[in-house]
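Below is a structure I'd like to ask you about.
Naming follows writing order (A, B, C, D, E and F), and every chain is counted from residue 1.
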Amino acid sequence: MKFGIVVNEGPYQHQASDSAYLFCKAAIAKGHTVWRVFFYHDGVNNATKLTDPPQDDRHIVNRWSKLAEEHGVDLVVCVAAAMRRGIRDENLAAGFRISGLGQLVEAGTLTDRLVTFGD
Amino acid sequence: MLHIINKSALSNGSFESCLRTAESGEILLIEDAVYAATKGSALEAKVREAMGRFKINVLMPDLEARGLADRVIEGVSPVDYGGFVDLVAGNKNCQSWL
Amino acid sequence: MSDVKKFMFVNRKAPHGTIYALESLEVVLITAAFDQDVSLVFLDDGVYQLKKGQQTKGIETKNFSTTYRALDGYDIEKLYVEKESMDARGLTEDDLLVDVTVLTSKEMGALMGQQDVVLSF
Amino acid sequence: MLHIINKSALSNGSFESCLRTAESGEILLIEDAVYAATKGSALEAKVREAMGRFKINVLMPDLEARGLADRVIEGVSPVDYGGFVDLVAGNKNCQSWL
Amino acid sequence: MSDVKKFMFVNRKAPHGTIYALESLEVVLITAAFDQDVSLVFLDDGVYQLKKGQQTKGIETKNFSTTYRALDGYDIEKLYVEKESMDARGLTEDDLLVDVTVLTSKEMGALMGQQDVVLSF
Amino acid sequence: MKFGIVVNEGPYQHQASDSAYLFCKAAIAKGHTVWRVFFYHDGVNNATKLTDPPQDDRHIVNRWSKLAEEHGVDLVVCVAAAMRRGIRDENLAAGFRISGLGQLVEAGTLTDRLVTFGD
């Protein structure tokens, strides 16, 4: 089955990004496809390459980048939300791309299930 | 239909809104919503009543993180992240009650 | 895109306190532009989004509430409001910026069940 | 003491927790909490009752933004941002019920 | 800093769902290091922060709940829990990681009124 | 009177940053001093110079920078929260500085009132 995921919250503040990631890993482990993760609202803050969390904590941004690299997950950052929050190509982490809300609609039309994680 | 709840039902109205509105189907409690699945809380009677209409599931990694894995109300189904995926796949659609 | 899906936008939050109401309108317009079947439902504090007379000058933000009146021009006509949520807030249809269909909780629940994609705001 | 509430009391428990716990003093409703100051809501009786113990204030720019400036319950005091500042200055301490 | 102020940390949110519980502990430790008078109160979902037996391996986050047991070593000894919040959650003092003083809502309200600085988490 | 302010949420997503700013402006207009604004949790996202909101919307970050410039308000960003969220000196807006939680405690001890805005 083909899944689309929406992430509405930034890393560390809320559990949303963690839950979304663990859902993606579990879906892939079961042989499903995670076709796209759409980062919306404060969720765009998952995409900054400037994060530097404590050594003994998970690195949420790198975890997403790795998921993109290893499983071809399309990580899309909402452009309007990103501009409001200071996420641009210059601080964008590997595996993410910035695009419009049409990519969210497409995630709804072209996947079998769309699951939202947020606050 | 799968209804995903992620907020503590003792401080936020999402769970109650879901119970009031949703027809039937399945409910999955995740994140801070997992507390609703525990015995002894003020919500227990409401949850037991809702089990007549819904199949209620709880995400165990979230309940373990909160130290309450041993207090799940009888009849609530424990699932892991794989079970979460199965619930989404097994229902025609899903809604996150954010 | 050949096949049309039923998209429902569930608006449960008050306007202005958070950005969700504004963003919901953005996605609704884009989804309609993709020729999908679009429904907006308003329940809980979401019904406040449709209140007439919003004046945001004092908080220095955009007054996006006028956009609800423009939805019609984009053929977005399925707006549903839950009666119980309106009642609990002392609102009637006369208080709302646009014409809506008032549904009971149970009717709204049934409508949710018929959707392909449900997006929460 | 000044108690600042910023969440809608119909979907979040902060206002109720404040009423249950706080001794007396002043309450200021801001942001999405201003809805509690309006006539006709399910909270009206609770707010009127609380006025026996607390002086209740509402931030008008927030109520105007939400289109309900003409529905303030009698006895609730309207304030602007300057009045907000005066409330903080005029009370020995303050607490935001986030 | 010569004068000591009364700092109260109000913990009303469940752990793990948001970062507040963890951050509260950070500020509490720093405030104690500044030789201020520190009280922690737990009410509403905040009482869940003190639940024994938290195991965060399954959600891949840090289990900071052990830190509550270390507070004593920093002379942070004023921990208050609201009885009504504990009761509503089916928790008793035996469920908690640390020794606390249980207060009624009214007692907790009186304590709040005595503070100089109240920080909410 | 000397005020300290705490901002716990990022710009645009929640009203917290707007409310805090309008409170500061009103306090200054009344002759009070806003001695420090401490940006904590997601509040650190108020400090990125890379934001580029729509033309017809308020520019929350620039608004803070201007307040610092015109009224000497000390805008302090929590370093640990900033590292978790990708706020560093290289993307820090004018008027902000990054420092530790001790600055928050100090805002409590050295001001007459500390007011928190958040979610």
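Methods note: contacts are C-beta pairs under 8 Å (C-beta built on N, C-alpha and C of every residue); 3 or more make two chains touch, one makes a residue touch a chain.
These numbers were taken from a predicted model, which means no experiment stands behind them.
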Seminar exercise, completed: Joint neighbours (subunit A and subunit B) are C, E
Exercise. Chains in contact with subunit C and with subunit E: which ones?
Worked result: A, B, D, F
Exercise. What is the chain whose Cα centre is as far as it gets from that of subunit F?
Worked result: B
For this session: Quick one: point me to the chain whose Cα centre is farthest from that of subunit E.
Result: C
For this session: With over half of the numbers shared counting as same, classify the subunit B/subunit D interface as same or different.
Result: same
Seminar exercise, completed: Counting C-beta pairs in contact for B-E and for C-F, the higher total belongs to B-E
Exercise. When the C-alpha atoms of subunit C and subunit D are each averaged to a single point, how far apart are the two points in Å?
Worked result: 27
Problem set entry | Chain centre separation in whole Å, for subunit C relative to subunit B (CA means) | 26
For this session: Measure off the straight-line distance from the CA centroid of subunit A to the CA centroid of subunit E, and report it in whole Å.
Result: 33
For this session: Spell out, as numbers or ranges, the residues of subunit C touching 2 or more other chains.
Result: 12, 16-19, 44, 59, 61, 116-117, 120
Exercise. Out of subunit B, which residues touch more than one other chain, so two or more?
Worked result: 6, 10-11, 13-14, 17, 31-32, 61, 80, 93-94, 96, 98
Seminar exercise, completed: subunit F residues touching 2+ other chains are 12-13, 15, 19, 22, 41, 57, 80, 116, 118-119
Exercise. Which chain pairs here would you call touching?
Worked result: A-B, A-C, A-E, A-F, B-C, B-D, B-E, C-D, C-F, D-E, D-F, E-F
Problem set entry | Of all residues in subunit E, those that touch subunit A in their complex | 16-19, 59-62
For this session: Provide the residue numbers of subunit C that touch subunit A in the complex, in ascending order.
Result: 1, 3, 5, 7, 19-20, 23, 26-27, 30-31, 33-34, 36, 116-117, 119-120
For this session: Enumerate the contact residues on subunit F facing subunit A in the complex.
Result: 10-13, 41-42, 45, 48-54, 57, 61, 80, 83-88, 90-91, 119
Seminar exercise, completed: In their shared complex, subunit D is touched by residues of subunit F numbered 1, 3, 8, 15-16, 19, 22-23, 25-27, 29-30, 32, 112-113, 115-119
Seminar exercise, completed: In the complex, the residues of subunit B that touch subunit D are 10-14, 17
